[in-house]
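Can you keep this structure in mind? I'll have questions shortly.
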Amino acid sequence: MSAIATPVGTPLAAAASARRLRLIGLAVIIIAACVLPFVVSNYRTFQFTLVLVYAIALLGLNILTGYNGQISLGHGAFYAIGAYVAAIMMDRMGVPYWATIPVAGALCLVVGFLFGLPALRLEGHYLALATFALGVTMPQLLKNKYVEHWTGGVQGIVIVKPDAPFGLKLSPDQWLYLFTLAITVVMFVIGWNLIRGRVGRALVAIRDQPIAASAMGINTALYKSLAFGVSAMYTGIAGALGAIAIQFVAPDSFGVGLSIGLLTGIVIGGLASIPGAFFGALFIQFIPNVADQISKAAPWAIYGIFLIGFMFLMPMGINGAIRLGWARMRHRHSKPAQREGG
Amino acid sequence: MNFPAAMNKPLLDVVDLHAGYGLTRVLHGISFGLAEGSITTLLGANGAGKTTTLRALCAMIRPQGQVTFDGQRIDARATEDIVRLGIAHVPEGRGTFVHLSTEENLRLGAYVRKDRAAVAQDFDRVYGYFPRLAERRHQQAGTLSGGEQQMLAVSRALMLRPRLLLLDEPSFGLAPLIVGELFGILRAINQRERVSILLVEQNAAMALDLADHAYLIETGRVVLSGTSHDVKRNDAVRASYLGY
Amino acid sequence: MSVKHLLVSASAAVALALAAAPAAAQKKYDPGASDTEIKIGQTMPYSGPASAYGTIGKAEAAYFKMINEQGGINGRKINFISLDDAYSPPKTVEMVRRLVEQDEVLLVFQTLGTPSNTAIQKYMQAKKVPQLFVATGATKWNDSAGNPWTMGWQPNYQTETTIYAKHILKEKPNAKIAVLYQNDDYGKDYLKGLKDGLGDKAKSMIVAEASYEVSEPTVDSQIVQLQGSGADVFVNITTPKFAAQAIRKAFDIGWKPVHYLNNVSVGVGSVLTPAGLDKSVGLISTAYLKDPVDTQWATDKAIVDWTAFMKKYYPEGSLIDNTNVYGYTVAQTLVQVLKQCGDNLTRENVMKQAASLKDFAPDTMLPGIKINTGPKDFAPIESVQLMRFDGKTWVRFGPVISADAN
Amino acid sequence: MDTFVHQVLAGLATGGIYASVALALVMIHQATHLLNFAQGEMAMFSTYIAWALINAGVPYWAAFFLTIAFAFVLGLAIQHFVMRNIRSTSVLQLVIVFIGLLVIFNSVAGWLFTYTIKVFPSPFPKESLFGQKYLSSHELGAIAVTLVVLTLLWAFFRFTALGLAMRAAAQNPTSSRLVGIRVAWMLALGWGLAAAIGAVAGMMVAPIVYLDPNMMAGILLYAFAGALIGGIDSPGGAVVGGLLVGVLENVLGAYVVGNELKLGVALVLIIGVLLVKPSGLFGSVQVTRV
């Protein structure tokens, strides 16, 4: 299941070279990502900003669902909280945009953790229902008359797009892209270490052998709600960035569709995989547009066919498929004998 | 083929059976036979391929080779169809339907049978063998003790009115007393109902006492076979399996 | 674009209108316009929770197809790019940016939904691209000073309920009013209009308010609540499905208040027939469009033409759905504006012409209702007429009421 | 007081809707241990088929049973052509497939039949029964039909070998094969029956809420909640759960928290109950996975 595991019996040498390749690849990708806004139009830059935003959110959801095995049909709620934190602070309190990001993250961390506490006792269907309930009710809470004064109710809040600081010769889109890219890199480095470290191993252990894990002295309860908190934090930060990029928040922006979209993203991208977050982000950003291009009559039908098609062709998600292809390729060079045993 | 002269036409005839899991081959050409009405046992160390053999026989894993049951090739058939020929498999780990009641488990054992009246009698029959199950008939099977679940597994197999019973480690994890009881009942079943039994056992001594014919398997091949009586006397077997 | 500048162009517009000649200067183009085509953009909820409204975009596309087959506008073909935004504001922003920056449309037309249009409004002002005839009845679109590039089209929600309020005050000064409204921007706008209209009597007169979410299967429970309040006037602010449920339920449980139904759901075919024509007797509402199912228009040329149009250009569309008449009529209005633009197809001139519609009356609008706009008046349709359903047809009564009168 | 009674009864009416859909969910869960998010949309689509048949002049009951047959085949087909071919390692992949099916049915229905609401006929008398005005005779009839379906379902699982085999196949496919159960057939059959039950639900729901492509969108969540609070492996529990949700929601909305928050609060209460009694009110204690 874990897309990180290298195929059985791969010789160490090959593994090392693979690691080197991966590092080079990573460097290339990051450089390409930095150059991107200067070679494509502002509109495309804006689209890729959204891709980065979704990638952060998906990494967050993947920590919870992919690595810790807790399903969430309601992460749009945390995305919404993050977005509203940014919008309210910028519009109502005049706080600079960059200052809203950590606040959004912190608040979602707390909310997520608190939601995680009762969710502990829920599994499978029940957790799905609980999170789905969260996703469904969040928009209704946002337009509730008691908070309307802050959230702008059904009309939402319009916010101003930040210009590039220190007189940099950048369009707002370019600047926001680079700003988002920086945060993305930071979040992924953190996520990477988290997942590869003790915490990550604990999360996976809880997912695969809950009883054994607790027997090994892992504080299951703590880790599970922690997973919820961290996951929510990532999604909240993404929400804040998303709000700044879109320059508008309203209850209609954060319906169930968003939550479902996020879940779709991690599965299509590849469960329990870090690069999967990017593939998933590209999918949820661009595939609906493709579907719309193919058919005005029933765009959703096309989208659905894409979903099923992807699950049919690459059940392990895009990342899984790539790894499989990569492993097969490598297998051709290695002798079959190496794959004996086990 | 090294069949005893006594055996003219075997009920089960296995020739050059190969099988494994994924890329790992476990059986490297097993051949053996089982006479109608006999109790035959497969002996061998862990990983020798005993369980794999039983799985291959009823197509839980795809075998290569030739398996003939009562004159029909079954090596290409699906598990469901093999069961319908009268081969009942008591799998390793008992395969209890833990969420269902004892009685429902037994009903499932007779799933492929159409003769309702006879099925009704068979309930009494197995409850006769295992009175403890009768007491627990409405209890969720998952809550039964290990011994009771093993009895349930055997009973479930009997509900098929099988011609051949495949038993995988029936003594596993049971108290000696219960094992004794169980083996007694197996013998009774074999003698009264002429149910042939293919028994896979760790406990070679008990297996050889029960069985009339035995095969010794090592790393996926038959290395020795004969009547239990002869096998028991084989020095190698005594040294490594019977420990005296 | 400063207000001063706007006034200048506006006065120019008036002058033009007086001269009553299309802008006949030499050809002037902005992105999206050329000798051969006019590029128009739009976002619509073709998927998602509001997909029911997608048919508006399809009807408009069909209308432009017809215009093109008839030779286009001043010889130019309309290239209509309508994109799906799934009724999600972020998607609207993305799609509209694509239309403006990549497809380079001359203008954006009839984007649907208050949240979606709010999301793009600031952007449209910054880019100085017309956001014409937005498909929502919020009041805020009539703001020529603050948002000179945005213009609404239909009578705004608040005006409508204000008219009901006035009518209630006149007919039933001491009415006990119950309100059912959809819990979103549209419902709350309507509610506000009602309260404004009732003024200081709102508190005392409105005895019960119940809201519903679009995700709810029925509003039966709400109707029972409202009946329980003992109200004798029922203001029904609901979209078609829920309107039909409300009308039927109120009748079935024997609640017989004076029933005001919002214009959103006056469709005889799409609402009253499902609810039951017998159960709809006595409904009061307002209208500005002809209803394709209402028998009084059965032989009316406009509706006959519309039916022919539907059959030829939008055969899969519903002939009983009056939102298809809506789309058809808005499209007519845009075509009129573009005609007026003549060869001067700059975005500025588009707004100028849109703001100088004089007594323009598309044939599918009710007799006596005309579209008038001006430099300070960005609300094309401001007059409606009260009507009462007699079990077969909507009977209009009273004068054509203009919002300005309120 | 009168209003309160009325609210409760109206709640029972909508609860009946949830219950009927919840039964379909129980069915699919018993047969596959999965909850099919597309169940509602499949029911909606089947209902359109019924509508088309009736419009084509087919008498109601003929259309009714033809539609059930259609739905059954539809269910078989989805299992056979879609689900069977997904090599899933995690239930999440199946969830995505369900979502795919959901949007496909919703979108195709809108495309074929447009989004204007359609009147779906009721087989029950127009005038309400027993001289009361609280419940229309269709609402009563719908509840009755739900109870009939419930009885059939209960009997099916309780007494028939097939029902038992289906539960066995869902719980332990390997052992099921060893007793001769054709597991693949059981799954397909489960899909078929669930779809058929869904179709019945759809045809009972449509006259109340009107037929449109989004008819089931809201209902499914309530049915989901009802099935879970009642106990996902207990048909009776699902029905009680559904009714409970309906009443709870109305009473909360009318008297406690108001309409804006009733859904949220209702769900919180349900989850609260599940925290205390994870297997639902009537469910037998066992571990379930999505």
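Going by the order they are written in, the chains are A, B, C and D; count residues from 1 in each one.
Just so it is clear, a contact is a pair of C-beta atoms (placed from the backbone, for glycine too) under 8 Å apart; a residue touches a chain by one contact, two chains touch by 3 or more.
Note that the structure is a prediction, hence the values are computed from the model and not measured.
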Task: Chain pair that, of all pairs, has the most C-beta pairs in contact - done: A-D
Task: Chain nearest the overall C-alpha centroid of the shown protein atoms - done: D
TODO: Would you identify the chain whose Cα-based centre sits farthest away from the centre of subunit B?
DONE: C
- [ ] Report the inter-chain centroid distance for subunit B and subunit C in whole angstrom, where each centroid is the mean of the CA atoms.
- [x] 78
TODO: List the centre-to-centre spacing of subunit C and subunit D in whole Å, with centres computed as mean CA coordinates.
DONE: 37
Task: Centre-of-Cα separation between subunit D and subunit B, whole angstrom - done: 44
Task: Whole-Å gap between the CA centroids of subunit A and subunit C - done: 39
Task: Contacts with 2+ other chains: residues of subunit C - done: 47, 49, 51, 183, 213, 215, 316
Open item on the list: Quick check: what residues of subunit D touch more than one other chain, meaning two or more?
Closed with: 103, 107, 110-111, 221, 260, 263
TODO: Mark out which residues of subunit A touch at least two other chains, giving numbers and ranges.
DONE: 136, 140, 297, 299-300, 303
TODO: Give every residue of subunit C touching subunit A within the complex, in rising order.
DONE: 46-49, 51, 58, 82-84, 86-91, 93-94, 97-98, 101-102, 113-116, 118-119, 121-123, 183-185, 188, 213, 215, 316
- [ ] Over in the complex, which subunit A residues touch subunit C? Could you list them?
- [x] 41-43, 46-47, 50, 136, 140, 143, 153-156, 158, 242, 246-248, 250-253, 255, 257-258, 288, 291-292, 296-297, 299-300, 303
- [ ] Write out the stretch or stretches of subunit B touching subunit D in their complex.
- [x] 58, 60, 78-80, 83-84, 88-89, 91, 95-100, 104, 107-109, 111-112, 140, 156, 160
Task: Residue ranges of subunit D in contact with subunit B within the complex - done: 161, 164-165, 167-168, 171-172, 174-182, 284, 286
- [ ] Mind listing the subunit D positions that touch subunit C in their complex?
- [x] 2-3, 6-7, 10-11, 13-14, 17, 103, 107, 110-111, 114-119, 128, 133-134, 136, 205, 208-210, 212-215, 217-219, 221-222, 249-250, 253-254, 259-260, 263
